[in-house]
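For clarity, chains are labelled A, B and C in written order, and residue numbers in each chain start from 1.
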Amino acid sequence: MRLPTLRSLLLATALAAAPSAHAADKPASLGLGVFTFLSGPAAAYGLPGKQGAELIIEQINAEGGIGGVPVAATFVDEAQGAEGVISEYRRLAESDSVEAMIAALSSGNCLALSPLATQLQMPTIAWNCDTHQLFLKDASSYYFRPNGNTVAEFVAYVVYFLEQHPDVQRVAIINPDYAFGHDAASIVKAALAALKPDVEIVAELFPKLGAATYQTEISRLSASRPDVIFSNLWGGDLENFVRQATPRGLFRQSTVVLALGETVLQSTDLPEGTIVGVLGDGWWRSPDAQRIGKAEAFAEAYEEKYGSYPVFPTMKMANSILVLKAAYEKAIEANGGEWPSQEQVAEALKGLTVETMTGDVTLREDNDGVVDQVIGTVGSEGDLPSIADMARFDGAALLPPAGEDPIAWIETLTPAFLEGQPKPGSYQ
Amino acid sequence: MPKPLIGLAAGVALLAALPLAVPFMTFVVTLAVAKGFAALGVALLLRAGLISLGHAMYFAIGAYTTAFLMQKTGITDFAILVAASIIVATLAGLAFGAFLVRYRAIFFAMLNLAVSMVIYALCSKLYGVTGGTDGLRVGVPTVFAWVPEKAAFDTFLLYATLGLMLVLGWLGHRYLKSPLGHALAAVHTNEVRLEYLGVSAWSTLLTAYGISAGLAGLGGALSAMAIGHVLPEFAFWTESGHLVLTAVLGGVGGVAGPFIGSIFLELVHVVAVGVAAEAWNLIIGVALICVIFFLPRGLFGLIEGRRGKTGGTDL
Amino acid sequence: MLQTVAPLLMDALANAALIFFVAFGLTLTFSVLRILNVAHGSFYSIGAYVAASAGLFIVGAGLNPWLTYPSLILSAAAVAALFGPLVEKTLVRWTYGRGEAVQILMTFGLFLILEDLQRMVFGVNSLYEDTPMALLGITEIGGVVYLNYQILLIALAALTLVGLRIFIRHTRTGRLLHVVVADREVSEAMGIDTGRMFTLAFTLGVFLAALGGALATPTTGVAPGLGAETMVLAFAVAAIGGLGQVEGAALAAVIVAAARVLAIYFAPELDAVAPYLVMLVVLLVRPYGLFGKAAVRRI
């Protein structure tokens, strides 16, 4: 055997991936690359996203697809790390089987993919990642994020718990040890310093992503006696933390703010009074979602198919695909009914405003989305997951102007800023 | 022209031509050869009977050097970045190696692992310097006065990587045939006899360790440019394990082995991702055990064995 | 004073108990077989998966919840009975006398295979099964609420340490193991079935790893990647104690745990680095670990 394996393999690969002609003719199907976490602790968050994509695509196709073309998704697991994610992105893009991407969940992967989207001229929608660093460094004409970013999200949480607990003195933070957690911590600290300067940060912990045990962290939090504990743990980590902290009385001792708490409403017994919410407006039972009238049917169909109600990553994913659909429809119209090129789709995404299942989203000039924030408190339980005492914060009011240093912007806020903000319970 | 050279020429020509037919292969081949450099570094130490479970740290050091220089100092020249990455990785290798090469066997493997895990943890913790777990972005380098587009640079990078493989492969071959290279194998067979001959095992091994770190650093720098992003995972211990695996799979008998192993693995990966993505680790795990059982000299041993050569190095 | 020190001590011991079993198993395997089992962490996570699944089954079937306790131990025993002899007789035995590189690679190959097998069998979602913890209730120490299960775990770790010391020093099988460790050839010449001893020691190592995983499930979640993480931690502990040193592993587990706890309390940013920094410092001063002895150079 003298290398025949290697050679035939090379040949086979070469033949299999021979490039096909690229044209803006109406394709047989609209290929969509969808990136999310399908394994590892983050899958607890990524899988509902994947299922959201499957269901919304099924529904879109049942109604005739986008511009008469059915959508076909290829899913890629983000748990393989940036190297694998990048090479899969390139492989999909260069094989011409895919016209647009929904990528990605994690901020690290979004940061790695956004320059690639521009290089490969691939319209890409960041369906979940929300780091405010994404569009600070370099503008991309093909990368869009129709979601909130971390600044709007976590300033909203600070405003909410300051309104609900005006006497707060001691605040502790426990966030995952990577950019998302560190960014959130600096935003929370900056917002507290600006809005209520006498608050003391008594503990700041950053457990490793995917940590199995939080017992020592829980002791440390408990020993520092905080009035409020803020956390943006998520996925399996959040569930793990809640399950370990509940029996140890942490939720009785302090008011806990779980920025991604809506995702574990169904899987854990969150104590009453815990502040939870979604990132963005993707709460499928919010008053606006009911007014628009699509989310409930979607949730019922989701429950029937997957056995539990959607969580906000599901809604974010479905909404992102609806944004892409709207962009295609706009591009087709602008193109006189012809199938648009990828450049035209990217063009159509610029400045687009779409009514999703849970509210309006507008892509502003730096391609970042302006979305409202929905926050509430765990109330008495019913059959369906529920959030009480809700407030809906205007996304535009909480977002620093495009290109401005977000932390510096937060520092310009004053305690008077609180007065203009919606109060807990005002959103009904 | 002797037969092995024809094989070499054919192999390199194939690697060079493949991306012309399949554009996506540019990335795959570049990455495979880049990792091949790191695997070659590991293979050098394996010849001395030393197994390093931490060499991914030098790969990471090289990658981070490139990323850091580009982002924080504005140096973008390809040659400077590559040279700097090799130098930094080699210096790190000499610094750690001075202490590490005093140990053998499992203690060597484990101490390398310990150091690499500290590097890994530092990469993910020093948020301000390394970007934490988000890592650092690597832009498109320039080549002397040329400021290429990403696509053009990728093509350049492929051929530059292949060129480096030929040059460094030849140098590595010379090194293994030199007294210093033979002394390396002698450490494995009989270290004390070597010292009676007046050759210091410590300096022999330190030289090899420095070279292997430099090679890993080069692999890291090239990978960083190909991928466009560097992450702490580059230094995780399983990555080190993969480097050893690549070297053993390809065979540590000659410089071609680790490259063959690396290219083979990447190509199988490309195929497997479509068919059996879930079972990727399973496949290479089984492959590794089969190689240990049946092919102690790796894939390279297959070719070499055909030529009727005996006395090649196995584990 | 006691108010602040008590929780620290409690946390350190609880943490040490969590990593003690798996590190102990690793060091025991090494002391008898002279092999560094890179797949050791996988047995920890398999033990955790099996125990969590068994617990979920017991609760789901409406059986007496106290059955989850024997099921923790039985799960670990089942994992050991299945994997111990199988792996030792097929893969590990082949590597004896073939150099460390082959041993490490063989077990690394096994590690890769087991990682994927776990994903295929147990899926990718995290498992939680905390019935044993919930049954025992809580205790307040120094103003901080602790789980009685954590205290039980500390006691179990101490018992295991004492029990194994007695087993190795004072039983016939234990002494035979000792003899095999001291000199393989002589013990074979004296008619000791070394093959059986190796299988026994390896299986015991697997059992301890699986037991560590199983006992951890009531207070932790189980997710893919747990094996690889645990492996390096066990590595660090075993290396600090001195590979093959049973008492060393116990002390090292406490040291590593204390370092992590101190980091979380006083310098949270050092949390992830702490075990490895301790390992590096110890190995710089004592390269063969706290209790280890230098290997004799071969001629």
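The criterion applied here is as follows: a contact is a pair of C-beta atoms (placed from the backbone, for glycine too) under 8 Å apart; a residue touches a chain by one contact, two chains touch by 3 or more.
Computed from a prediction, not measured in an experiment: that's the story for all the values here.
Asker: Chains as vertices, touching pairs as edges: which of line, ring, star, complete or other describes this one?
Answerer: Topology of the interface graph: complete, with all chain pairs in contact.
Asker: Using each chain's Cα centroid, which is most distant from the centroid of chain B?
Answerer: The chain lying farthest from chain B is A.
Asker: Provide the C-alpha centroid distance between chain A and chain B, rounded to the nearest whole angstrom.
Answerer: 37
Asker: If you average the CA atoms of chain B and of chain C, how far apart do the two points sit, in angstrom?
Answerer: Distance between chain centres: 32 Å.
Asker: Which positions in chain B touch two or more other chains at once?
Answerer: 124-125
Asker: By the touch rule stated above, which residues of chain C touch at least two different other chains?
Answerer: Answer for chain C, listing residues that touch two or more other chains: 119, 269, 272.
Asker: Going by the contact rule already set, what residues in chain A reach two or more other chains?
Answerer: 177
Asker: Would you mind writing out the residues of chain A in touch with chain B in their complex?
Answerer: Of all residues in chain A, those touching chain B are 1-3, 6-7, 9-10, 12-14, 17-19, 77, 81-83, 86-88, 90-91, 94-95, 107-108, 111-112, 115-116, 119, 131, 137, 177-179, 182, 209.
Asker: Can you list the residues on chain B that touch chain A in the complex?
Answerer: So the residues of chain B touching chain A come out as 7, 11, 14, 18, 21-25, 27-28, 31, 124-125, 127, 131-135, 137, 139, 149-151, 223, 227-229, 231, 233, 260, 263-264, 267-268, 270-271, 273, 277, 302-303, 306.
Asker: In their shared complex, at which residues does chain A touch chain C?
Answerer: 38-41, 43-44, 47, 177, 203-208, 210, 212-213, 215-217, 219-220, 222-223, 236, 239-240, 243-244, 247-249
Asker: Which positions of chain C touch chain B when the two form their complex?
Answerer: Per the touch definition, chain C meets chain B at residues 30, 36, 38, 91, 94, 98-102, 104-106, 108-113, 115-117, 119-120, 228, 231-232, 235-236, 239, 243, 269-270, 272-273, 276-277, 279-280, 283-284, 287-288, 295, 297-299.
Asker: Touching chain C in the complex: which residues of chain B?
Answerer: 46, 49, 51, 53, 99, 102-107, 109-111, 113-115, 117-118, 121-122, 124-125, 190-192, 237-238, 241, 244-245, 248, 278-282, 284-286, 288-289, 292-293, 315
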